[in-house]
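The same subunit A turns up in both complexes below, where it pairs with subunit B and then with subunit C.
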Partner chain A sequence: MPRIAVDAMGGDLAPDEIVRGVAQASLESDIQMVLVGASDRIQALLDAGPYNPELISVRHCSAAIGMAEDPHEGLRTKKDASISVAARMVAAGEADAMVTAGNTGAAVLAAAKNFKLIRGVKKAALASVFPRQTEYPGQDALGLLLDVGATIRCDAIELTQFAVMGSAYARRVSKVARPRVGLLNMGSEESKGGDVLVEAYKRMKAPPQLDFVGNVEGNDVTTGKADVIVAEGLLGNVVLKLIEGIGEVATTVATHAAQDSWRWRIGMAMLSTGISRIRDLADFRSYGGAPILGFESICIKAHGRSTAPAVKNAIKVAAKAVRDRISPEIAEAIAEIR
Partner chain B sequence: MPRIAVDAMGGDLAPDEIVRGVAQASLESDIQMVLVGASDRIQALLDAGPYNPELISVRHCSAAIGMAEDPHEGLRTKKDASISVAARMVAAGEADAMVTAGNTGAAVLAAAKNFKLIRGVKKAALASVFPRQTEYPGQDALGLLLDVGATIRCDAIELTQFAVMGSAYARRVSKVARPRVGLLNMGSEESKGGDVLVEAYKRMKAPPQLDFVGNVEGNDVTTGKADVIVAEGLLGNVVLKLIEGIGEVATTVATHAAQDSWRWRIGMAMLSTGISRIRDLADFRSYGGAPILGFESICIKAHGRSTAPAVKNAIKVAAKAVRDRISPEIAEAIAEIR
Partner chain C sequence: MPPTAAPDRAAMPPAAAPDRAAMPPAAAPERAAITFRWDLDKTYLRTQFESLRQMVKIPFEAGSDKVHLPGVPQLIRGLRRCAKDRAERPYVFFLSASPPQIGNAIRQKLELDGVEYDGIMFKDQLRHLVRGRWRSLREHLGYKLGELLDSRRAGPAARREVLFGDDWESDPLIYSMYADILAGRLTADATDGLLRVLEVERGAIARVVRAVDALAQHSEVVLRIYINLERRTPPGRFHGFGSRLVPAFNYLQTGASLHQLGLLDDTALRAIASALVADAGYNGDRLRNSLDDLVRRGHLRPSSRTRVIRVLQRAGLSGPAPHEAMVRARLAAAFERLQARWSRSVGPVDAPAIDYEKIVREWADRGADASSPSAS
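Let's look at the complex of A and B:
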């Protein structure tokens, strides 16, 4: 039974939705969970609804890092912050993985401070799922993009390692048997994108374990051309946030059009079920959170706005990552390309 | 009266839609146009519909560069390619600006080979409009993003020059009196994005002519936070193509949802007028094309799939850029920040 340390104090809706998510997970699974944070508040929230006390324990700590707080400063001054305590529990073997919906920078830093990089890995990467079209039946409706913000700029070796790590993760967690890996670039030809991307292309072609489909362009991101898309953190971060942002624009355009057309208004009313399904799809982060890959231990970063179901999903993904031995699998894959 | 050299052979629908666009422009404006390409074919297309012969002339040339052709190779081996001939006409003073819907790389290279960089400008940039929300009444429904592919990586001075050039262009052509300029980055804080972006932020804060609003993140791109968004070519290119690509995904999601809901089907039928309006907005490239900024002469790159109305719009934008003396204005603005 995997043991997951859950940062109860991180997230826009913490601790309420975090604790509710843990309570729900305790009724649907056999995952052992430790809620890390203000114990009185956590216990009060637990007592407000049903949960399985055999699967949940609480580790008290007094501090928390805010969503807008500087992560370096926060981690330096608040030794007892819930996100740090959760990471230290994993490092000490008291838990097998951690989940947080808190400050992304603090999550990456807490992992970097407390977890060991897998042997040979140069940099860890934050990977996120995103919604896209599919090209064949059975293909996952979500793609995986990395890095989305643990790094800024990367060299060719780092990008190739991201390809290997993302491929290993997708193979296990997304159940894509042979994930197609693409390199995000400004053109499809091997010669595009400057020295680093040209060298990364060459390196990604080599390993037989990688199903490298070549460069993917901006308009390929939301097709099924690649299951795993590799980019340096600056580029991946902008792309991920743009995908999130565009969902909101679509809604606004529809609202504007509604203002001067009775047919549009009636049409929108007819569509209400469908519209909410699209909104669900757009809310893709609730599908389990973003893993930080490259460390010996797994940290799953759930979206800052996570509600209880999203927290529950993130915990299940963390448990699955432990059960499926994602980190040892990544270590093997990295060793093969050295 | 501005004289515009139009590459008749460049574009997915060339020469038919290019010639038709020129014919339409000749009936609606006083712009002098030279169609550059296979004269027999051009004349036959002109004769098929109404046009004003006083405004249109034809410059014959025998070659053309294909949309998928390597631009370096194409320009080297085909001295008589329509895109090169058009650029040489502008350089020789036989035309004031050029328009092409052809190979983007070839357009940038032909400009670089034949036009002079404005004094002080380190690199030219390709700028594209894109659809976004507005924050206040009167704000342009389109933003301007540069560079979208003339460069790959850029230093802080180059990015600052892009800010100045984009601001000058938006002020004139988009009639935004004081365009808000944003730096595309992975976080809103001044400290984000690594050395180059941190230095670019500092430099962009300084010039009083720039209304610099700071860093914009991926989810800010499609809001009205900035009217001009600055990025190195690799990042800008991926962002622009992603925006284009997502329009197609939205259509597909709607189609999928339609398959199992009669209400959705009826709703979509009710919405047909509104849907086509959204499609028009999504087809934003028809709103005038992308200028290559930084040279003493202007080249407007229309979208490869341009139909006659898009070609006509690009010609009007080119003429306006000449009338409004965009390049001298950019030269002045660049001189001010040196």
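Let's look at the complex of A and C:
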């Protein structure tokens, strides 16, 4: 059974929600988990709710990197930070994967510092799942977008590697036999988007193992046109935050409208189930997490505001990624396009 | 295996409620004796009574149908053997709120498990039914406390006692009250007041109060109270009962704590761990995590944990965590053992000051739903 190191101190709601998430996972699965953080606080939180002690161990460490802290500085000065200790445990083989809801920059840097890149991979990519429409029955309601912040700018080779890694991940984890891959661009034509994107388009068309569906525009992101959408980090992050923001805005607007008029109130009451579904769909806290792809070891980055169910889901995603041998799968796919 | 001493209480006519003044005084403590008192359902047996269907099945079950919790027969056998090795006379009593009609099956089961015992007390529900005492049917708290005190008075008054219960009913409260009554911290009047708040039946209260009055002398008898967290009740809910009460998720945790107290040896501990591995699918990680959990909760010293890990390691059942520097841990353990030797005491390490009024108030507020004690 996989052993997952969980950064107990990382995240806006840490350690409370992280520890609760681990406790929930211990009651619902047989995954071995190591909570990394301040052991006294962790045990006090465990004591307050039901948990299975047989699946939980605690690795004490005294420091944590704050969400707003400079990741470089944090990792440099706090050698005993929970995120670093968790990454070191994975690197040393004491855990099979790590999960963190902490500072994204620190997560990427800790992984880069401790994990080896898969042979041939130029840069690692941070992936994220996002809600979308489905085009056919059985299609996963979540799409995969990468990179969403591990990089800023990328070249065509790197984007192609992202496509291959994302496709391999979706194939294994989302069980999509042949994931459709799209390149985020400002138009659907092959010639759009400048030299890098044009070159990336050409490269992505070539490998037979990629089901490349061409360029994907902004309005196609949330349709089921592509299962995996590739972008450089700057663009991917903007798109991801935009989707997240729209969900929040829709809920806020609906709430305000209902306050202003009794007609709206009645209307909103009638639509409440639908609105609640939209809110749930757009609520990234409930999705668990997504991987940093490209390393030999697995790191699942959960949303910074992850609540206990999201942490539990992130742990399950990590265990699944280990069990399904994601990294060897990616290594094989990368080797094929070299 | 037949009972070795006192006969089953259920087989005897129910003790008539004697006059308060007429109660004979308790026997003087038997110096070289130790009593282990066990609840049956959910503590020894994996009894399923969550649904009506499961409840209906129980009276028709044979001994071979009954299932024990992993490691518990090994624990009891180990406790008896180790007590004898220490030249201490062991007594094992079972106390159940189940009716005596299931007695045969229970006795068969204990025989199958090779567990020697000195008495089983059942609750004579039929008698209450015949007399139309409906409240008595449901009332466990007064019944159990009364039985414990009567058993102490009528049976062997061992110098030390260890109690085993679970988190389904009111064992934490009953056992703690029993321990504090024996220690003289709960007087007859205080006990009477608490039982009234808990709305215990008047006859049961009178019986308990008479038994408390009849105690000739008080001493710290109860070493530990082990509560099997069968329902996975959060351990924090038991903080109010003090460190004398040890909530345990499995019988390795219970065994490790008893090993630390010197009541269980390496062989018994190995047998318990082996049973968990063979019967319940435990592996090395699970065993080690269980011990670490007990250390974090303050019920097991790190040095004791190191000793247990070594026992398990020698048996090929578990071992230190990959990152553990065992040499350093052993040095620390040796130092801690030296310290412990200088201030050794196997008695109750701390007599807890339990705020019974608070616990009982909360209990009563919840409508006497004794299933989830909150003594945090």
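Note that in this section the second predicted complex is superposed on the first by the 328 of 338 C-alpha atoms of A that agree within 3 Å, B and C clash if a C-alpha of one lies under 4 Å from a C-alpha of the other, contacts with A are read in each partner's own complex, and residues count from 1 in each chain.
Methods note: a residue touches a chain if its C-beta (ideal position, glycine included) is under 8 Å from a C-beta of that chain, and two chains touch if they have at least 3 such contacts.
Quick caveat, the model's predicted, so the values are computed rather than measured.
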item	value
Subunit B versus subunit C as contact partner of A:143, first or second or both or neither	neither
Which superposed partner A:39 touches (first subunit B, second subunit C, both, neither)	second
Partner chain(s) touched by A:27 [first = subunit B, second = subunit C, both, neither]	second
Touched partner set for A:47, first subunit B, second subunit C, both or neither	second
Partner chain in contact with A:235 - subunit B first, subunit C second, else both or neither	first
Of subunit C and subunit B, partner touching more subunit A residues	B
Partner chain in contact with A:153 - subunit B first, subunit C second, else both or neither	first
Subunit B versus subunit C as contact partner of A:289, first or second or both or neither	neither
Residues of subunit A defined as touching subunit C within the complex	3, 27, 32, 39, 43-44, 47-59, 89, 92-94
Subunit A partner contacts - residues on subunit C that touch it in the complex	232-236, 239, 249-250, 282, 285-290, 292-293, 296-297, 321-323
Contacting residues of subunit B [partner subunit A, same complex]	131-133, 149, 152-153, 184-186, 193-194, 197, 217-223, 233-235, 237-246, 248-250, 252-254, 257-258, 261, 263-264, 266-271, 273-274, 277-278, 281
